[in-house]
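Multiple structures are listed underneath, in structure tokens.
Both complexes shown next keep subunit A, but they swap its partner, so subunit B is in the first and subunit C is in the second.
Let's turn to the complex of A and B:
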């Protein structure tokens, strides 16, 4: 429960309200993690928030977190100057376990900042690209200005043969890309549904529609994985803040397969 | 490029249509091409055609003097552009512009409406398909209205 001490070594502005923090440990070795896991990031004197790790699992130093400025703690984090000490607890929770997709296709469906927890999974695929068949990334953002990791996506497409389809909800004058819901791209994306592993992260409504579309394409529910967001606090399954019926998402999740989640997603009381 | 008789029956919009009905549809269809930037149709003009996109991307646009031209949605290969041909007053509600070179099948709305009036079974089959497209677009628009990405993750 005691956070480790890390120092901010650099910040990378991703969009107007989103920043990637590069952290280095001040008290020991780098923090090993699995793609999909999260940490509790502590801004001293302000508070603590759960943030997914967005860096490369094979290169955990520096440790990357992509943070959106939506509250007091995240504001303190995104405005932290190099040298600022922050606390890190974790890593916590389940990972994407991308290796389960070895030998087949991989479909990644991301919405908004949901691309950040998926970035480590994509980097893992890229590092063992020949182990996978077709790899498709379907990404939806609010507007062109809100698109995350545009340089990464260009690299993944050009150097690693990943099919990247980006769409936005609002197409301003001058935008020549796609406009529409990301889930509508699932129906026409080129992958073999029966031999695919699908990874989905974004707002819960978007994930529900994406999972439905993937399931309708024929991807088995056991092969569709979603990263769930709840009010993680302790990170070790004690406090109950992140409970989803019988699940504690900080330890059973955040990544869970759709066959386990489907009965729970439509229950408002959960 | 495959002929219309080969292509249209395999298109998702026409999937399951019986061969006789398909022949009627083919009688109202022709291949068309648009250069990038060219308009497929414009707001307020008669909606006498709809398009099955074979290749390229089409933007549905609305123009506001203050905001400029905004893209409402984009449509790509395999999708259908336009349903105003089926609903009075048969006028387009948006502009449709080719974002890239577009190859499409243009279906004559007047011709199809006439055939549907004569053959209610064909009319029902086509209406079901148009309703499905409208349902998907309505879902898309409703979810986008929620502005999901604008809220805290």
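Let's turn to the complex of A and C:
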């Protein structure tokens, strides 16, 4: 439960309320992690929150976290000046293990800030692009101003042949892109359902619909992976907060396959 | 039987003295504010001599006994949980420094504890906490340190309460595995004495230094009688063979809304439960902002805050929170740890201000599930025999 100390090297504003923090260790080697894992980030005197790592697992220094400013701790993190010391515990939990999709297509479905934990998995695919077939990224944001990693998505599309489809809930005048739910993009996206690995992260209701749509397309439930969110406090399975029936999501998850999750997602308030 | 001895009252006092001489803080039952609680004891006079208890759902009273029994009550108000796993524990303290902040770990320096007179149910709960808090990759270091240095002196329960069901859970009335010493209080024509058995090297060592006499067949028969009588007087029963599947199959049962009509979500049941281990991590800073402390504090799945995420709590209804608690205890716990999360101590019944009875709720769920299955299957189809 004792954090390691990291220093803020840089902050990159992503959107009006979201910032990517670049951290360097003050006390030892970089933090090795697997795509999909999270850490507990500690702002001194304010508190600690679980945040997914959004950087490249092959280049963990600096360590990247993409943080949305929604509460006291996240506000302290997004406004931290370079040089500020931040506590880091982790990395915790299961990863996407995107390499399991080698030889087939990869479908990534992300909603809002849910793209952040998927970024390391996409970077992993990009680094070994020829190992995979078609790669599709379906991304839904609230509005054009909320779109994360627009530069990355352009690079992934142009240089790495990833099909990127973006949709927004609300399109202001001037927006010529899609408007609507990201889950509706699943039905006509170009991938081979029987030979795909699907990675989904976003609000739980969005993941439920996305998984249903992927399953309906014929992706086996064992090949659909969701990153679950619960109130993680300790990150090591001791505090009990993140339980989903028999699962401790901080240890058994956050990434779990849909065959395991489907019966649990069907029950309200579980 | 080899190793079984009897100890008189003077011997019992010398056991307490010997433990104290060895540096143990002896924590045992004592009467405080009309309740039998756990606290530090130094003499036999501290024990609840001649005091029994009366427990029913939502009801607790001490009552006088006319036999002078020292352990004539069912359970202490709290189990050993607050002793080995305090409700609020400092984990580390951070101090602001020029380079950021410096963290110093807190190591509890409290004296080793001898739990004196722990019941079978509570002994089993300590065993469960050992699995949960020490037996997995991530260890609760403070708990582990206290447990390493602790000594457990268990006493057979002679007078279970109306809320007790340890016999159903296989944890009592005779204490099971894990104790260092097991005592059984005998009160008959032969006098007031204790059958004492050592169950660990530390227990054998403590026993070797006491003045005891070999137990006779009559002593053993009297101890067996205590167990038989207590077993026959369990206030509650819980059928356990179907709990796992029953609870999982009952996730959408209307019974949860029924419980929610009565449950106040006050968290009492989780606070007195000897196995509930949920905690929160709380960071507290001083007014200057230069000192930041991390505390591990008990938490409860009955609070709204427990399941809070950005955007709201997952379990907003009281029914969902009661379902989480009961399902975790009886079904998810076996999946997680290979054992039940309930030891049958009955505290969640006794200390529930609404008198909600776990055994009755399980029975209602079972009945409701059976009813649902019958109505789904429907009446038997007419015979198609030719």
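The rule is simple: the second predicted complex is superposed on the first by the 269 of 270 C-alpha atoms of A that agree within 3 Å, B and C clash if a C-alpha of one lies under 4 Å from a C-alpha of the other, contacts with A are read in each partner's own complex, and residues count from 1 in each chain.
Throughout what follows, contacts are C-beta pairs under 8 Å (C-beta built on N, C-alpha and C of every residue); 3 or more make two chains touch, one makes a residue touch a chain.
Note that the structure is a prediction, hence the values are computed from the model and not measured.
In the superposition on chain A, A:175 makes contact with subunit B only, while subunit C stays out of contact range.
Once the two complexes are overlaid on the shared chain, A:72 sits clear of subunit B and of subunit C alike.
By the touch criterion defined above, A:230 reaches subunit C but does not reach subunit B.
Of the two partner chains placed around the shared chain by superposition, neither subunit B nor subunit C is touched by A:145. Contacts of A:239 after superposition on the shared chain: subunit C is touched, whereas subunit B is not. Contacts of A:194 after superposition on the shared chain: neither subunit B nor subunit C is touched.
In the overlay built on the shared chain, the residue A:216 is in contact with neither subunit B nor subunit C. Across the two superposed structures, the residue set of subunit A contacted by subunit B and also by subunit C is 70-71, 203, 229. Per the touch definition, subunit A reaches subunit B in the complex via residues 68, 70-71, 111-114, 140-142, 146, 167, 169-173, 175-181, 183-184, 188, 202-203, 205-206, 209, 229.
For subunit C in complex with subunit A, the residues that touch the partner chain are 91-92, 94, 96, 99-101, 103, 105, 132-133, 136-138, 140, 248, 251-252, 277-281, 283, 285, 289, 292, 294, 296, 299, 301, 306-311, 314-317, 320, 324, 327-328, 331-332, 335-336. Put simply, subunit A touches subunit C in their complex at residues 1-3, 5, 7, 26, 42, 44-48, 70-71, 84-85, 87, 203, 229-231, 233-234, 236-241, 243, 245-246, 248, 251, 267-270. Chain contact summary for the complex, subunit B toward subunit A: residues 57, 59, 67-74, 76-78, 99, 136, 139-140, 143-144, 146-153.
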